[in-house]
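Here come two complexes built around subunit A, the first alongside subunit B, the second alongside subunit C.
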Partner chain A sequence: MTVLFGMFLLTLLVISAIGIVRARNLFVAVMLTGIFSLLMAANFFILDAADVALTEAAVGAGVSTVLLLGALALIPPNENRSKRVRWLVVSVVTLTAITLGYATFENPRLGDPEAPVHQHVAPWYLEQTPVLIDIPNVVTAVLGSYRGYDTLGEVLVVLTAGIGVLFLLGLPGAYGGRKTEDVARGRTYLSHHLVPQVVGQLLIPFIILFALYVQFHGEYGPGGGFQAGAIFAAALILFALIQGEREALTLIPPRVLVVLMATGALLYGSVGVLTMLLGANFLEYGVLSSDPVKGQQWGIILIELGVGISVASVLLAIYHAFAARGR
Partner chain B sequence: MQLWLDILSWILLSGGGLFVLIGGIGIIRLPDLYTRMHAASLTDTMGTVMILVGIMVQAGLSLASFKLAAITVFLLLTGPTATYALANAAMLAGRHPKDVEMPPDLPEDLRL
Partner chain C sequence: MIGLYAVIAKPNLMKKLLGLSIFQAAVFLLYITLDKVEGGTAPIIQPGAVDQLYSNPLPQVLILTAIVVGISTIALGLAVVVRIFEAYGTIEDDEIQRADSQE
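Moving on, here comes the complex of A and B:
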């Protein structure tokens, strides 16, 4: 049954990918990208990767679709296309596809317990997490503690992306010379739509509540800083769409936003430095409390908070960089 | 008791599936944007709600049921809102319903 669902979803995935390539209208392509991400999230969920599915749904289908739409407002709606076929590109793509297809024959069967990925460190993680960290969600333990360096790197990548976009587009009130007052007051995409305004306003508190739940429940269920940050950013983007760009920039001033972007990554890094000062290795949370297990839990909560703050503020800053520019 | 619950959830699930199917056929077959939207809205209100209630009957009184109920309320709020927003945007973009006269009391700024 799972295989049937998987085949169905993967077929739809291929169809929407072809649709994205063939679409000339960029708006259609953006919508199809959102559908692609949603199908991908369903695929992840079938593979029991609830954390990844949540991230894909929140970031891929939600926030990045809105970001792409914001970017579309700045460029022409149709793709310029050259008539001639570029045979070099076609042959490289075909060769890569054939190679990748051939490589899948060597893959172990789906869910095979003898597969190398299940024989390497995974059994150790599953056995030692209840002893060392004592939280039910092993994904959070891997992400926050065992693979803390990687996650710090990911947060820095997100931060770098945010800085890059701000350098290119500027953020009114913080970078790029424009003041927040230049952004038109009360003009929104939804100014003609009363019903979405009312319903959106009704939903925003619940979305923020859910973001906080995902943030602080990440040790027990699927979720954590990345997902919570994306959901929080989505709530505030919805606020900006409903109330207007300038009101949203007043709610969280761009200068604060820029500081928050760095604060999240700094919080993460300083937890590592703190553990070093306490005499352990970088990001070895055990020393944060007299009980090493409690210390691990404290460390994970702190770094997840840093991740959440950084991701939410970076996504929000990128959105504002696009949206405040169009008007 | 269990038999009746199974029958009830079976009816709800297949009814929901039927509505989704009808909505899907409608999106392909109906003539213009507004009628197609009507078909699409059937999918994400009646179809989804019936399927979710059907699963709720299967889950009984549990946390899963509560979550499903929350999702149902959420969908009942967002689905019609999205349909309304789409119809309104199409109207403002100047797209006529097919073979329909504009009502005479329509405000001037909405007249096409």
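Moving on, here comes the complex of A and C:
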């Protein structure tokens, strides 16, 4: 039954991917990308990857679509039709596909518990997490503690992307020389549509509440800093969409946003430095409290907070950089 | 595969970026598929369930990181595309190359 559903989803994925490539109108392509991400999230879910499904849904189908639309407002909406079929590319791609397909014949059967990927570190993680860290969500435990260094790198990558976008596009009031007063004010976007305004206003506090829930319950269920950050950014983007760009920039001034971007990463790094100051290695949380298990939990909460703050402010800053550009 | 075709063949820069995101998503799917254990469930340890079989958490962590990095790349790429449009007036690959070679 699950296999049937999985095959159905995969077929839909392929169809939407072909649709994205063939669509001439870029708006259609972006909408299809949103659908593609949602199908991808459903696929992750039936493959037991709950955290990944939540991240893909929040980030891929949610924020990514908004960013694509924001960029779409600034570039021509249609793609030039290419007359000839590029046979060389098609043959290269087909050759690669056949090679990859052949390589998968060597793979273990899907779902085989004896496969090598399940042998070495994974059972250790699954067994040791209740002993060492004592939080139910093993994915958060691995992300936050066993592979905490990688997650630090990831936060820095997000920060770098935010800095890069700010360099390229500028943010009125913070970088780029444009004043906040230049940005279009008021309800220029949805001023004639009552239903989105009313429903959006009602929804925003609940979305923020959900973001906070996901942030702090990341240890017990699917969730954690990245998903929470994306959902929080989505709530504020919704506010910007229905209230107007200038109001959103007044709500959270760009300078504050830029400072917040760095604060998240700084929080993460300081937890690491703190553990060093307390005598242990970088990011070894055990020393944060008298009980090593509690110390691990404290460490994970703090770094997830840093991640959430960073991701939320970077996504919001990138959105504002796009949205405030075209006026 | 479709993503790879889009990245190479489509002259429109925006399409290239969309193809890149399709490409990324396909790779994620590959990893997560490798990671499922038959009869297992999401790797969230239920209190009291002793003999529960869990799916491997490790690839999920890597893919989580990869998704976030992917969207950062797409965001940065979009910013570059917007600037290219403002500088050249077009986002078609061949027209940009023609404009460059005519300078």
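Definition applied: the second predicted complex is superposed on the first by the 318 of 327 C-alpha atoms of A that agree within 3 Å, B and C clash if a C-alpha of one lies under 4 Å from a C-alpha of the other, contacts with A are read in each partner's own complex, and residues count from 1 in each chain.
Quick note on the criterion: a residue touches a chain if its C-beta (ideal position, glycine included) is under 8 Å from a C-beta of that chain, and two chains touch if they have at least 3 such contacts.
Everything quoted here is computed from the prediction, not taken from an experiment.
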Tell me which partner A:L203 touches in the superposition: subunit B (first), subunit C (second), both or neither. first
Using the superposition on chain A described above, determine whether A:V195 touches subunit B (first), subunit C (second), both, or neither. first
When the two structures are overlaid on chain A, which partner does A:L26 contact: first (subunit B), second (subunit C), both, or neither? second
Return the chain, subunit B or subunit C, that is in touch with more residues of subunit A. C
So in the superposed three-chain picture, is A:S37 touching just subunit B, just subunit C, both, or none of them (first/second/both/neither)? second
For subunit C, which residues count as touching subunit A in their complex? 1-6, 8-12, 14-15, 18-19, 21-22, 25, 28-29, 32-47, 53-61, 63-65, 67-69, 71-76, 78-83, 85-86, 90-92
List the residues on subunit A that touch subunit C in their complex, please. 14, 17-18, 20-21, 26, 29-30, 33, 36-37, 40, 43-44, 47-52, 55-56, 59-60, 63-64, 67-68, 70-72, 74-76, 79-80, 82, 86, 89-90, 92-93, 96-97, 100, 107, 110-113, 115, 117-118, 121-122, 125-126, 129-130, 136-139, 142-143, 147, 150-151, 154, 157-158, 160-162, 164-165, 168-169, 220-222, 226, 311, 314, 318, 321-322, 325
So, in the complex, the side of subunit A touching subunit B is made of residues 190, 192-193, 195-196, 199-200, 202-203
In their shared complex, at which residues does subunit B touch subunit A? 74, 77-78, 81, 84-85, 88-89, 92
